[in-house]
Amino acid sequence: MSDGGGDVTDGGKPGSPEPGASARTPGGRFDTDRLIMAFGGPVLALGVAVLLTSVVLLLSGRNPVEPYVLMVEYAGNADIQVNILNRSTTYYIAALAVAVGFRMNLFNIGVDGQYRLAAVIAAIVGAAIELPAPLHVLAIVLVAMLTGAFWAGIAGILKTTRGVSEVVSTIMLNAIATSIIAYLILPAQFGEQRGNNLTTGLIPESGWFPGFDTGPGGVIYGFIVVAVLLGVLYWLVLNRTRFGFDLRATGASQSAAAASGVDAKRMVFTSMVISGTVAGMAGMPVLLGDSHTYSLVFPVGVGFTGITIALLGRNHPVGIALGALLIAFLDIASQTLDFNGYEREIATIMQGLIVIAVVVSYEAVRRWGLRRQQQRVGEELAAQAAGAAGGNSQNLSKGASA
Amino acid sequence: GTSTESSGDKGAAIAYDVGGRGDQSFNDAAYAGLQRAQDEFGWEGEDLEPSDGESDADKASRLKELARQGYNPVIGVGFAYAGPIAEAAEAYPDTTFGLIDDEQAKGDNIVNMVFSEEQGSYLAGVAAAHATETDVVGFVGGVEVPLIKKFEAGFVQGVKDTNPDITVKSQYLTQPPNMNGFSKPDLGKEAARGQLDAKADVIYHAAGLAGQGVIEAVAARGEWVIGVDSDQYAQKTLAPYKDSILTSMTKDVPDAVYELIKSVEDGDPQSGVVRYNLETDGVALSESNPAYKEMTDLTAAVAKAKEDIIAGRITVNTTP
Amino acid sequence: MHAIVGENGAGKSTLMKILYGMQKPDEGTITVDGEQVTLHSPADAIARGIGMVHQHFMLADNLTVLENVVLGSESLHGIGGKARAKILEISEAYGLGVRPDVLVEDLGVADRQRVEILKVLYRGARTLILDEPTAVLVPQEVDALFDNLRELKAEGLTVIFISHKLGEVLSVADDITVIRRGTTVASVHPRDVTSKQLAELMVGSELPVPETRESTVTDRPVLTVEGLTVRIHDAEHGHRTVLDEIDFTIHAGEVLGLAGVEGNGQTELVDALIGLRHADAGTIRLGEEDITGWATRKRREGGVGYIPEDRHRHGLLLEAPLWENRILGHVTEKPNSNGYWLKPKEARADTERIVEEYDVRTPGIEVTAASLSGGNQQKLIVGREMSHTPRFLIAAHPTRGVDVGAQAQIWDQIREARHEGLAVLLISADLDELIGLSDTLRVIYRGRLVADADPATITPEELGTAMTGAASGHLEHEEGPQDARPGDDTDGAQNEENEHE
Amino acid sequence: MSTVVTTKPTPPPSPHQRADRRRLTLAQWMLVIAAGLALFSAVRLITDANGITSTGQVSAALRLAVPIGLAGLGGLWAERAGVINIGLEGMMILGTWFGAWAGVQWGPWTGVVFGIVGGALGGLIHAIATVSFGVNHIVSGVAINILAVGVTRYLSKFTFDTMEGGTEKQSPPIDSITSITVPGLSDWMRDLNNEHWFFVSDLAGIVGGLVTNLSLLTVVALLMVPFSWWVLWHTSFGLRLRSCGENPTAAESLGVNVYKYKYLAVMISGGFAGLGGVFLAEVAANIYQEGQTGGRGYIGLAAMIFGNWMPGGMAMGAGLFGYADSLNLRGGGTNVHALLLFLAILLALAVVWEIYRRKWVTALVAGVTGLGLFAYYLSVDEVPSQFVSAAPYVATLLVLALSAQRLRMPKANGRPYRKGEGK
């Protein structure tokens, strides 16, 4: 649990702390060890993933380099960059939601369901009410947050009162959310049929979140600002508040946290609710910035991508941002592979390889760091002891001769 | 990129809906239309698949990219492209955009290719009502979305108009946005078995690939199944079961796509809503199964119903 | 019978693990029966007749005794009836009283110890390694164990055993090797050395004594516990009462020592006092306030300090830096935070102070707790708890696994605080420590306080008798040969529950 | 010898303690099941929803349960050795692809073998990552799930797409595996079932469903449940494997090669998931189909947790999912409506039980839920199809909420283990 919040996944738990990054060298100066700890993992991982993907390409008789070039070139287009940015905004919030859980060893697979349910209810409410501009947006976001919190809270309650594993209950709740949504958007309920699509009706313009128009590139969701603030808030709360300390402590060692005065059950419930609240906001960039309604074509599976990204970003807000950009880049830029006769599944394979490579290399670097630190502690102590040897030697010799 | 590049020499492009090529449903059908045009006009063309969980913006940029590269026309398969096509059509006014299964997006350079599936399904209902001996028939839909409900509505009306005493069992495999119902044959199989156990002896499916499970289950019991989208009697993968495929409700997407491309090639692009219904043979019942043609009562009734619909004596509902 | 002694971390366990093939030596040779061997894994060692009982139990809780015993040596007698017969036979022969079909989690420590020994015997070991087998046993059980070992020795087996209790070592060992910092510093015969000399060999300095001279006990009650009852309800075990009507009062400046065999309710008592377990009946008062319903945090804020029994589980975040560990448990208090916001700078500065004052051997406060040695970790915990000037301190095994130097320091800290009016509940398996440090002694047995004694006069043996349940009431020191009537049951409450429905 | 140990004449007297552990005997289990069935039957008679225990329903439930159960067994094997396997879904996908690929070319049984191998390959990757590299188990599982999707899609473009009758998303048809129907018995049971008598017809429906139109692969899959139980609990291999999930350091100290057993367990786990995949491709359908597994790996994991990491319990969990799925697919509206009543009655019983145990809050929650269900039961004639598809998940949540606290997972499950680093 370093102050910088740099987190790795160790063997046991997805959210446990990273010793190395926090290990400012005893004197407090930066050194190569620390640099290796911070950048070794990701760089090694990307390299390995790219290498392995190239091997796959070679094996199937394809050019092993061109796909990357194509993708990078494609991402040079302004509108593609805007798309990548917009999509990573959604991913980012979803991943933050997952990360909140991970930081205390809760595995919220239910982010997807929370996100979808929150988007539907927020869309229904948003279309039904009329408020002046900023308030309307605020109301919609609030509804989304509450819905997400409620849906995750069910899993939280089941875990704290009945001991139901959140992994199982959130899988179930995802499926149940699907049914509820299907019911809610029926024309007989709150839905509207538009052609072959079902929607929840259009939110009036007062409920739209203004974006940044880049001209030819298109509009960047204004919600990106909220996402950034959310990341800052996440960092502040986790690293600078007593609540965050409790949460991280619970993640690092449930038993130690309990003995330190953290009410573990309440913590589980609270963090589940927070995770759900954030998950509820994940649908807002698209809802408020683009679609202005929930329909059958609203993006799905965002919560699962969020899991991948939270893992890639090691639950750190900056790491998650990079992870979200990377995955969004692979998702969107892989489009160009189709244009050029490559299979775009290459990007999916690469995503899988990146995840594996990243965690393996993080783990390798983490172990290396831990060993290295112990060694240094040992060495420094030995050096100290040697320095003080004059005083001790008498005792020692006396002991030995007795 | 500017619209002046769209000279048409790169040919047509298709952007698929979820499922993409190989869905043996309308994505494949659209591709068939593209292929026909490729053969005729000699260009390569392009077809692109969506990625999982993408938003409208991603679809829009896919369409724009195609237009930017000079493809014309650019065709979006499925109602999911309604919003994106409206956006892309505005950005590239000289490119013609085709939109299958939706008439919401409007524009001078947008062609809405819509099908009256309910009319064809009505005929399927008439056929089923004549073919049944147990007075129980079934409908299996892939995912409970409005498009598929249109099939159900026409089918039920066709059956009831023919014989109100017949029971129609309706079953959907999954609820949106869980689109598994179009791709899990095992679900189709169990649903069909359930209806067969409930004495249904004719089952109409609108379940995409999952429909293969329906067909397999029905064929195993030697009852009748009615296929969908293309003439499933003629499909190679279904050859072992073809004797049980009474007929299929075909939706002539290939032709619609081809006609659009041709109009662009001919320099006189279509525009606005182009409706494919019984009158234009855009939807129809296939007749390739000899056993079907032998049922003269049935074929006569179907022909009569078709006439009545075309003449406007019968209006078919689009929702159940 | 060969004894190995050395201070904590001297390398005793490491050496034994090498002998048992669990770790590889960098250099040197091992010779078994005159033949030089290389041991790659425990399997090699077992094949050569070496068996080891580890310092920490190596048992799978959710497997039965039989499964634990046959594991890895299924080829000997299978895993069914034949194995069961063999186990019963060995158990009979050495009087181990092992029941093959119970789950290990249902056994008390002494029973587990016997299972461990049986595991080794089952494999036909000729050389037995026992790593601190007596740490968790009461004196009577220790005697019994040594009788067992003597019997094994009579049958020609070799026993290597490790112990910190020098009296034991001197009374049973035929040879003693002393190691320090990973090297042999002496090989001696028990008759040539006194326990004091041996200790000095081990540490290279004089032994500290945990004695409290003058009494500082006041008549101001700090902690009053009345009728405290805790029951455990779970699906696996049903209902059982683990603490039964506990009453005691600790006054300012008083150290109350609690003696008892592990598993007789000490853990539950500590949990109930710190608020990790809720009381089914009874009250706990801190000063004038009734804290029975308070949450752990509120109790800690109210002045309860806690040195946990298991520092890794309850005292530290192993992979967090020292300064964050300094915050742990006191996150709401100064200097760590002002109410809601943390103050890392102040926390860091205060950690530096603790490191300095409590002589935590570390190169800095940014290193993780895991990289400190156990003793230094413990010093950090003691420093942390003392920094908040508690009114009442729960000290569970405060010097367990800590070397003699650090031990003395910790004792000093406790004495000093006691002098200033701190009330301490001291729990320890080390009876010398208990007797030396306490002002009052109580004995817990099967969840009840069954006896009390005056630390000024009582001997460890007498205390041990009460711990087995064989004596109760006020224990008076008797001169002359002690009547060590062993109880008929030596495992505690874990094994037996007092039904209260 | 006068030692404490030996003066202890008999083992410690703790007769009550064992009695406190509620472990039902086989007979008691049978009784509980029979009572459940009787209640079920009563509900059927009250509501006239004969579908809920019809032969077809049960037989469909079985077919739908098998892939879930196989995935669940996969999870069980891995977790018993201490490795969490959330990559089951991916291993299942590999199973469908490899099974179909080989099945199309060399016949269904070769397909079965290849499917198992494909799943086991996924398991091998998981084992390398988690056991050798000590990577977090969940992360590795998630990565395998992504990877499996990418790899199978990619491979399909080079294989199925070029085959006659296949596309890039679908394989050509695979020859089917023989199905058996126990002659006589099957018909007899069906007739009995059609009588709609109390209890007897329900029992007949269940037995009939289990002997009708049974693919040989279903038989194999069913046998895997007792087989797993036997191997894990009655062989030394199983003992060693389980010891790695309970206390690997102890196992290591007795000469057990923990890495080896973990590797084997995770590969076997993948093999089972792969078999589940093959079942989907060859029995449930007769083609490989992209997206065919549809989250069944996760459901299998849920079934295993539901079953308390025991094969029998896991099979019950899988059965519950299969049954609820089959309800959903076979005109669920009326049947699920009937089951609302069943659930309400069960909850009423739970209320009584919790009151007896003085768990007032639980009783209250169960009571309110039960009343809610009952009110809903009365207010509608048929459950909307949207809610029918939620039935399996709601049922599972309810069952877990009523029983989860008894769950016990292997102690070292999910923990990293390094040789020689144990304390």
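Every chain is named by a letter (A, B, C and D) in the order it is written, and numbering of its residues begins at 1.
Note that in this section contacts are C-beta pairs under 8 Å (C-beta built on N, C-alpha and C of every residue); 3 or more make two chains touch, one makes a residue touch a chain.
This one's a predicted model, so the numbers in the text were calculated from it and none came from an experiment.
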| item | value |
| --- | --- |
| Other chains in touch with both subunit B and subunit C | A, D |
| Distance-maximising chain from subunit D - centres being C-alpha averages | C |
| Subunit A and subunit D, separation of their C-alpha mean positions in angstrom | 30 |
| Centre-of-Cα separation between subunit C and subunit A, whole angstrom | 42 |
| Centre-to-centre distance between subunit B and subunit A (centres being mean Cα positions), rounded to whole Å | 40 |
| Subunit D: positions in contact with at least two other chains | 386, 389, 405 |
| Residues of subunit C touching at least two other chains | none |
| Overlap residues in subunit B, where contacts from two or more other chains coincide | 144, 175 |
| Arrangement of touching chains [line / ring / star / complete / other] | other |
| Chain-chain contacts as defined at top | A-B, A-C, A-D, B-D, C-D |
| Contact footprint of subunit C on subunit D as seen in their complex | 1-14, 16-17, 20-22, 234-236, 239-240, 242-243, 246-247, 249-257, 405-406, 408, 410-411, 420, 423 |
| Residues of subunit A touching subunit C in the complex | 1-3, 10, 16-19, 22-28, 239-246, 249, 252-253, 255-263, 370, 373-374, 376-377, 380-381, 384, 392, 395-396, 398-400, 402 |
| Complex contacts: residues of subunit A adjacent to subunit D | 9-14, 56, 60, 107, 109, 158, 161-165, 167-169, 171-173, 175-176, 178-180, 182-183, 186, 307-308, 311, 343, 345-353, 355-356, 359-360, 363-364, 367 |
| Of all residues in subunit A, those that touch subunit B in their complex | 77, 79-80, 82-83, 86-87, 90, 116, 178-179, 181-182, 187, 193-198, 218, 286, 290-291, 296-302, 305, 331-332, 334-335, 338-339, 344 |
| Subunit B partner contacts - residues on subunit D that touch it in the complex | 54, 56-57, 60, 63-64, 161, 164-165, 167-170, 172-173, 280, 284-287, 289-292, 294, 325-326, 329-331, 385-386, 389 |
